[in-house]
Amino acid sequence: KLRVILQLICPDRPALVSELSGWVAVNGGNILHADHHTDVGAGLFLSRIEFGIEGFGLPREAIAPAVNALADRLGGQAQLHFSDEIPRVAIFASKQSHCLLDLLWRTRSGELPMQVPLVIANHSQLEPLCREFGVCFECVPMTPASKPEAEQTMLDLLAEHRIELVVLAKYMQVLSGAFLERFPTVINIHHSFLPAFKGAQPYHRAWDRGVKVIGATAHYVTEDLDDGPIIEQTIEHVNHRDEVEDLIRKGRDTERLALARALRLHLCRQVMVYRGRTAVFA
Amino acid sequence: KLRVILQLICPDRPALVSELSGWVAVNGGNILHADHHTDVGAGLFLSRIEFGIEGFGLPREAIAPAVNALADRLGGQAQLHFSDEIPRVAIFASKQSHCLLDLLWRTRSGELPMQVPLVIANHSQLEPLCREFGVCFECVPMTPASKPEAEQTMLDLLAEHRIELVVLAKYMQVLSGAFLERFPTVINIHHSFLPAFKGAQPYHRAWDRGVKVIGATAHYVTEDLDDGPIIEQTIEHVNHRDEVEDLIRKGRDTERLALARALRLHLCRQVMVYRGRTAVFA
Amino acid sequence: KLRVILQLICPDRPALVSELSGWVAVNGGNILHADHHTDVGAGLFLSRIEFGIEGFGLPREAIAPAVNALADRLGGQAQLHFSDEIPRVAIFASKQSHCLLDLLWRTRSGELPMQVPLVIANHSQLEPLCREFGVCFECVPMTPASKPEAEQTMLDLLAEHRIELVVLAKYMQVLSGAFLERFPTVINIHHSFLPAFKGAQPYHRAWDRGVKVIGATAHYVTEDLDDGPIIEQTIEHVNHRDEVEDLIRKGRDTERLALARALRLHLCRQVMVYRGRTAVFA
Amino acid sequence: KLRVILQLICPDRPALVSELSGWVAVNGGNILHADHHTDVGAGLFLSRIEFGIEGFGLPREAIAPAVNALADRLGGQAQLHFSDEIPRVAIFASKQSHCLLDLLWRTRSGELPMQVPLVIANHSQLEPLCREFGVCFECVPMTPASKPEAEQTMLDLLAEHRIELVVLAKYMQVLSGAFLERFPTVINIHHSFLPAFKGAQPYHRAWDRGVKVIGATAHYVTEDLDDGPIIEQTIEHVNHRDEVEDLIRKGRDTERLALARALRLHLCRQVMVYRGRTAVFA
């Protein structure tokens, strides 16, 4: 059955839950899940309400305007999603297949409510895998010199395929600020336990430091590399017998898991981003 | 600041969130946390609402009757707690000190919002520990023959100390159905990953089975031993080098943690029990 | 470089490490890893020694006889493996693809040192997946009546493909004792935290019990269903919001991981089985 | 029964295991545990051998010289411990009691094979706790100006009590290089997942960053703050509902666990330190 997910963030004040749930009730909606959070320090109220709209008093196309009016009145901002919208997602990759394969399989099996019409890579190795899954594969090589042009090509591909979300599945390139300005909704998997080992070669540096746990971090991409809002972090134990290649191997499992979980949370509209951080209503 | 925690369970129908939050708002309360769950199979709606009552429209003593009337109207049941009520808790123990000491320390440090006026044990070893923490220690020995009388003594002690909750912190005796009928709110820590290794000597049996993970389960006590509603479960990895005594040693840490977490959840009124299970609004 | 892995189990007595390592040294081998375990209760000594044989004093074909003579003298049993032997493994599956795909990908990527020449399933759905990975797929349907004949067909296929190890990757059939007598080396993934929830529908029963953690168990198969020696167990946290289908979904990740880890341990000859249990030299 | 633990580190070459175990066997020792590791990159061989010396060919006082001669011949270094030596450990603390209490209880219960004759703190709050456990408590206040003198007082106390190991159990002062030069064996618990959040107030910074996991790191202390060899790391999940004080509260459990585990590993002589890292033979 069709459900609506309403995410709202606004300055905190009394009676907000009542106001929101009252608005749903008065229109004849039936709340299935409701979760709220008050960031006391920031003085902000965050709410996620999921409700059925069978017999709803407003036609579908009138719901968003009504919700925006409500949000305006509360001095906040709202996002509205319908459960029958299956987001169009592009995956960016380089040479490594583990995250890409994992996402394609989870999509095909129905675990991830998304469609993947497009994979972009700066190398050609992953083309056969994409062909097996019936996904359009575009190779867009990237050199420092060609970067502006290559990113333009990628933006054009995203527009052409009407992509709403980009997932960096071990894409070993840094997206420019210009790119992110034009396409801001990007989730990345970083192969360390941020903020430890920001930047390149985290497993090598983790080995050098002699850590006993490694991790992976799925986060929204911002212009400050590896500083975006964290959605999910996973960890794996290691010991002195593990060489760098063992860390890399063990890390693949924790990377896959962190990315898949974060992506599912995002797609189920369970993540709200504010002030450089996330509230995850799981 | 004074807060009220309202827990309500009733048959599911539309507009319940609105009704509850509306009731809070109309009386001038300010919701700080609200969490709801619908058990679709059971057709039940569970709600936990925490709200401030500065300037509330009802005097404190009128809130419970009003809430009960509301619950009646919804065909459900409500529980009401005020944040300034610090429950009086008795801990039952035998010879092992790790859980008892942990709970006493957490109480003293403020981690667990409770008072412990009474410890009852069927052995005398833990008396000095209780004395250090200034807690009344009562030794009530227990044999099969003396059980009815001993349990009566314990019930008298609970009444005398106005105890609301009993915690079995490695109390190696089984409370009778008669006891539980008269004092039903009891939390136990079982030293296995229920439902694995119900009953006696779980670590020995875990070793015999050659498991690679052990665990602990904190649960409400029912007459069916080890079958009560589970609040929290924790685990610990083991390997072939671990002897039974290593399992017992490692187990102590996971027992302490499961029990302390479960108790805190209970004391913060984050646990709702229904149909032999729990919803934990954490 | 070529390495030999020697696993030996024998009654415990002094000087065994010296005897074994002395034998390697005297023949000019270079020990890379050595790990030993004494099961004090059973009076057994278990040893795993991995050594390079560049310039070894014995020709390759003479090593096994020499090792067996050594084991005989110690009243024990030895197993010998060369690192350039890549085991031929058959995967049995039914309809679910997650474990099969995971194993095929890990094989292709080099994470699992094995070859998979054969997949057998009692349903046909997984044929396209096998074709993508270039693996021979044989559908052997199974009914109670056809079971003896079907198992014979499967045994013939195993012989024809010279299979050394069978992995049950969510194969929803029970192998008969007769099958196991003729082909004893089988690893299974059970979708619960054994010994909890032996038998059918563990996730449904886990939900009914209201557990807070689910798990998966990879074990060697014996005629007593779900009672074989455990190699690896993994867990996943769940809460009251998780329906049975969420347990199943979350369970898939923990199943994949437990099976892949157990299989790697087996293939790297890090597992020794004795008395219904395993020593895992990881 | 009396056991000897021999730790040896030397340049890697063939036949080392044979040489060491042969030396034990020839003297009539019985190896109970033997574990070895080769750091291929560093070209180093590390070995830990635990053996019984009933009927050993050398008198107790001759074992160390013999072992040192063996180590010299191999160009390495050895450490020798007897299982009946119970190390004398001093605990340094400030105001927080959770780690101190945990260590004192584990010592009393026999989990940690050590004696604690001395606690030093720069504040007086923990004196009653130490008195309860019958431990000598010395308050040595610390200001920037008084630091040299205070550290001298502490060194004198360590000498007077014949202390072999210092454990910093939430001691909120930095030991100077001069102190460490004179007393180098110090274990610290840092309340973050190193190398993330080095330095002060890691929980505040973790909250600011919006991480989803916090951790604790037990490590040997070196002059470079928070850069010493890591022994153990533990983690705890957090979410957006957790305020800084919740991170601190949750962190206490993970700190206690990491410190207790690391200390036990050290006391059981399972840790070898080399090149700024540890091999943990657990």
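Letters are used for the chains, namely A, B, C and D, taken in the order the chains are written, and counting of residues starts over at 1 for each.
Quick note on the criterion: a contact is a pair of C-beta atoms (placed from the backbone, for glycine too) under 8 Å apart; a residue touches a chain by one contact, two chains touch by 3 or more.
Model, not experiment: these values are computed from the prediction.
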Starting from the Cα centroid of subunit C, hunt down the chain whose centroid lies farthest away.
B
Through what angle, between 0 and 180°, must subunit C be rotated so its C-alpha atoms fit those of subunit D, rounded to a multiple of 5?
180
Give, as an integer number of Å, the spacing between the C-alpha centres of subunit B and subunit A.
37
Roughly how far is subunit B from subunit C, centre to centre by C-alpha average, rounded to an integer in Å?
41
Quick check on subunit B: which residues sit in contact with 2+ other chains?
241, 282
So with touch defined the way it is at the top, what topology do the chains form here? Options are line, ring, star, complete, other.
complete
For the complex, which residues does subunit D have touching subunit B?
97-98, 101, 105, 109, 111, 132, 241, 249, 252-253, 257, 260, 282
Across the complex, what residues on subunit B touch subunit C?
37, 39-40, 193-197, 209-213, 215, 229-233, 235, 239-241, 243, 276-280, 282
Which stretch or stretches of subunit C touch subunit D in the complex?
14-19, 21-22, 24-26, 28-36, 38
